[in-house]
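Structures incoming, each one as structure tokens.
Next, two complexes with chain A in common: one pairs it with chain B, the other with chain C.
Right, the complex of A and B next:
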């Protein structure tokens, strides 16, 4: 799989000032596919007998413009940003860690069990720190088998991480139903962490400070991968493992390191979602964020800052879609359709853009 | 333990293994063909789901299961056609488009189901079986293997045919070349895009058929998200079988047995939580990988878009 991991190449100078031109270009390559995708999805809505303008009005109103909606959107971004950071590390190093959902969910369940048990015995800041570290550790632990198999046996990690995800999701359910059951509720779920004991909120809003953790993580990951020697080594392993071996890089050790960092970030996402938002895990809860973030990260070309923008867009669509669904009787699943069409449109735009550049050269 | 190995238990186990394993086998077979030609088909799950919905819709509307199977295959191939145009033709990223197609299919089928069937939840009647004279009267394996709907025999035949195409025909060689060294195939005068598109379309049709089998024969009903990861299991099976359709058959039945063992155990009166049982097939595969640590044998040009004249 060859992937362009570099940032977009410089634009050939023309009569227009470069800065202005770059802005126009950015608008053309993001706004045009977005409008096209919304128009196509709107057509589908119209065919189903729903007024598309009313639907999109709700999405924008509830996901972006209303204060509570915008706060929900910002809160939703936290785990998605951490998962994006997790994927950027792995994908830039050429490791296809598709096991994010298992790492996320298992960390979430174990943190959900630990948090109420710890609170009361330790000061709140210590409980939360322990939970975040625990989540990262559980995530990393769940990647040990794929990491070792990849590093020393060269077993395809797509197979092993997908296996570990299926295994992890089932194990998480077993743990919720059998081990960490809250005896006081009838529905199987873990004990709930009191709202007061969760991650603090930002300023006067309802936005969880998990958002800060997510933003810091993705910016750090971006800088490490693009600006440090360690990141360069990982990128060399990703670009050509054999060349990396010949250059004297400890490829197996680096591979294990990549798995550990990537899975720890996915686990951290699970911890942040639990101690920041959910407070507990219900049986069969699986938001499956991993699968939706994978294409977003690809479209961002593994660039951390571009990923933030795509994650924001996705969060608006998903939070807005949830309220529009309630108002207009369109199931929430419609968001999946919008995202799918948007991904395809963005892909096509990028393709046309590259072809135009190649022709201009 | 004695209750475990009664005739009823074994029959239920094998029966369940075939019913649960067949869609996995069909999807995996499609993925194998697609991967052999160098296209990583991550959209398999979406193709199965469209097949499951289309198959159910047509079978319910027309009353003919065969029209349903046909619709399932056509539906899967239609999703695959999008993939062929975007990934094989234009060279867009196969993972992005594959996941997009899966998400889109999940959303579309769930929406359609909501507007059409969410009030009534219609069911299909049981699919008639085609007993094979002689063999079907054998104890245990007779009712489990040789008294099944005709589509089951056809699906197994498809494995044999694919195996033969891979080993003995020009088409098989062309598929292999498209995945190993597309430039060589191009130089030999065979269109890489045509071969790869055909492989992707076949994969879509097989996955769609697998989905239709799930909804028409397996469940008798369409439920949103009913494939529940079967497409991804198909991808894994295809990679594990390393290009051998017959290994795929064995793998799919093994997976199917693990998936259906809960029902069989309930027949035998043993109560184990479903989630524990669901871990079995994945744990088994991981154990095999740990013990034998085989090198993955994927085509060198897998996932790489072919551009004529490019290095």
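Right, the complex of A and C next:
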């Protein structure tokens, strides 16, 4: 798997035709599998006895066209974008941080406990800033063990981060039930942050301003990775760790930095979700966004802007799918089936494309 | 050194296997050029040659991994096509490769059972019994139920030999079999080979250690740059004294001939006039599982080229990496321009002017997917000239790349082309451009022409000369003796992690270096 995506070279006037061909090629390799995936998913729906057109109609209607649906979609994007940013930093640096769920949930729980506690004592903007920083710090803290093990002992981070996720999710659960329990409710959950104290909404809509935080984060991450010396160092470590050593880069320090940034962004996602949308955490709440976003950033080839598009598409599918599920009796997680089929289709397209290229056109 | 008597009992009139003028070409290289070789029953036939001499290709053709482009392989006098390893086994040619081909987690018997038909249950008891028989016959002892991973490398080799015999091999090819063994293990293997040939087998023993060739072999063939340059027959081997044989083999292995003509990059170097020491290394010791370094002392003056000759894998890589800072030192000093640098990190040593042109061009020298322009700055990422406050300045980066590409004649479609798409020669030119530009003081070249074609070899050697002429201190590590002789002012010979001798590059240098390399002289 190549981690390095080719950034498109500048187009000169004389190269317009190849540029056009390249764009057509890009469309062919993106749109064709997308259509194929929708068709195949439709086939599965038909087998389940559901009219695929009705399902897709509902998804588009509820996720994209209706104002409330679009607002829900936009709000859903916020944590997903932050997690996508978290994954892009790590994956581009060749570090497979799959511990996003633990980092996310633990940050969410601690922020959920801190926000109502702070809200009486500090002005609202300060509470929110503190919560965002706290969430990022908790996320980063939860990656210290995998980071140190990877940097100095070269222990496989896929295993350690996944293990830390199990621990993190369980610890979050325990914290909600034992430490941060709201005594006024019967369901085990943390105290609720008043709606008025949450992240402000954008303009006259219900869209949380978390969306802006997510967009800024992912664009910033994209620019850092592609345009700065720091990002280049991380990409060198990711693309060829031995070359990084040969070139004299401080590989262990960079590794720790990658873990810290990546996990902080995952933690920030948790904080944004709490102070933006949820307001509290129930003991059984675990949206598992972390692993859901992994295929999306792969589809986007770790490109920040493409990730925004895929996160948007996924949010439409997921918000629309939730309402279509209620209406048509399709399981809620059918969205994941669509994404999985899309991933397979894109994989096949890529394989065919490479074979064609190897055959010398 | 013992001279084994030649067993004549199994001598028949024809060899078991004959290679007749086999030639094998790879893109840009002739790996074997009309090589003829006879493998007689009752003989240990030693194939001697440096790395790249064509030994591995020859074995590949015997064991069915490669097929010759021209020429023929005769088994029992009949021409055969050996196109798969299974076919080779069928014809009775078994091969034991340098790196053990056994599954460490399975027992010896299970390993031997591998390769049977998939549907049948292996008869482990039967295999163990047959194994015991074969073992008794050749005088080795192996516990059939021990997991392979718990055996020593020598024992694993014995298992492979037993396995080959159980499959009915009459010809046994041992590829660099002693490379991984202790001296005692090598002795035992030598004794085993003698017992095997006493039973009428033909053994092919590949090595680059001259003393082993003399101790174990009945017949010695020497390969050099893909050609068989000589053969010492059993009668001559028994008739001549070891000293005479040694001299002859050294001459064959390292002697000057037409094979390497055409790579010379210019006239002979002027004798080095002397200069201030730039790079001083003393008492260097490095821990390493394979080849630890000990007591390495080396001083290189400005404008001087010190060649490091030696058979590959004798600590050259460890030495280069230790000096460049890629490996921790156990002991020793490294001074650059009189200032200690041993405690400095790689990047800081680079900034002080220490350059290392690695031989692993794609593995560590470059990031294949990155453009040429960034690869040319790989060791300067973040430099203020090209990154303003950490932000990439694409103009200066591209200008820098275009300048170096033109100056060092790197043939590339553009500076944005991923460097992995260039040919080996052009990647090497880019590496030379990166390391030799800027404020260099001392340069270590590791196998700078390895795998290049004649034209690029010449260009690389010219760069090395020019570097020295500019007043840089140059260390040239090479396994190509011609190259070392052509370029160096002095030649250090490295063997088993030590510098075993330092020779001034005069008329007698070739022979003396050759002797030091093969472990004859001490």
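FYI, the second predicted complex is superposed on the first by the 326 of 361 C-alpha atoms of A that agree within 3 Å, B and C clash if a C-alpha of one lies under 4 Å from a C-alpha of the other, contacts with A are read in each partner's own complex, and residues count from 1 in each chain.
By our rule, contacts are C-beta pairs under 8 Å (C-beta built on N, C-alpha and C of every residue); 3 or more make two chains touch, one makes a residue touch a chain.
Note that the structure is predicted; figures quoted are calculated from it, not measured.
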{"item": "Partner contacting more residues of chain A (chain B vs chain C)", "value": "B"}
{"item": "Which superposed partner A:343 touches (first chain B, second chain C, both, neither)", "value": "first"}
{"item": "Contacts of A:78 with chain B and chain C, given as first, second, both or neither", "value": "neither"}
{"item": "Touching partner for A:109 - first (chain B), second (chain C), both, neither", "value": "neither"}
{"item": "Chain B versus chain C as contact partner of A:247, first or second or both or neither", "value": "second"}
{"item": "Touched partner set for A:299, first chain B, second chain C, both or neither", "value": "first"}
{"item": "Chain B versus chain C as contact partner of A:90, first or second or both or neither", "value": "neither"}
{"item": "Which superposed partner A:233 touches (first chain B, second chain C, both, neither)", "value": "second"}
{"item": "Doubly contacted residues of chain A, that is, touched by chain B and again by chain C", "value": "2-3"}
{"item": "Complex interface listing, chain A residues touching chain C", "value": "2-4, 6, 9, 227-230, 232-233, 235-236, 239-240, 242-243, 245-250"}
{"item": "Sites on chain A touched by chain B in the complex", "value": "1-3, 44, 48, 145, 149, 153-156, 158-160, 162-164, 166-167, 170-171, 173-174, 177-178, 291-292, 294-295, 298-299, 330-331, 333-341, 343-344, 347-348, 350-351"}
{"item": "Residue numbers on chain C that touch chain A, as the complex places them", "value": "324-326, 345-350, 356, 358, 360, 363-370, 374, 378-379, 381-382, 387, 390-392, 416, 418"}
{"item": "Chain A contact footprint on chain B (complex, rising order)", "value": "40, 82, 86, 90-93, 95-97, 99-108, 110-111, 114-115, 224, 229, 232-233, 235-236, 239-240, 273, 275-276, 278-279, 282-283, 285-286, 289-290, 293-296, 298, 302-304"}
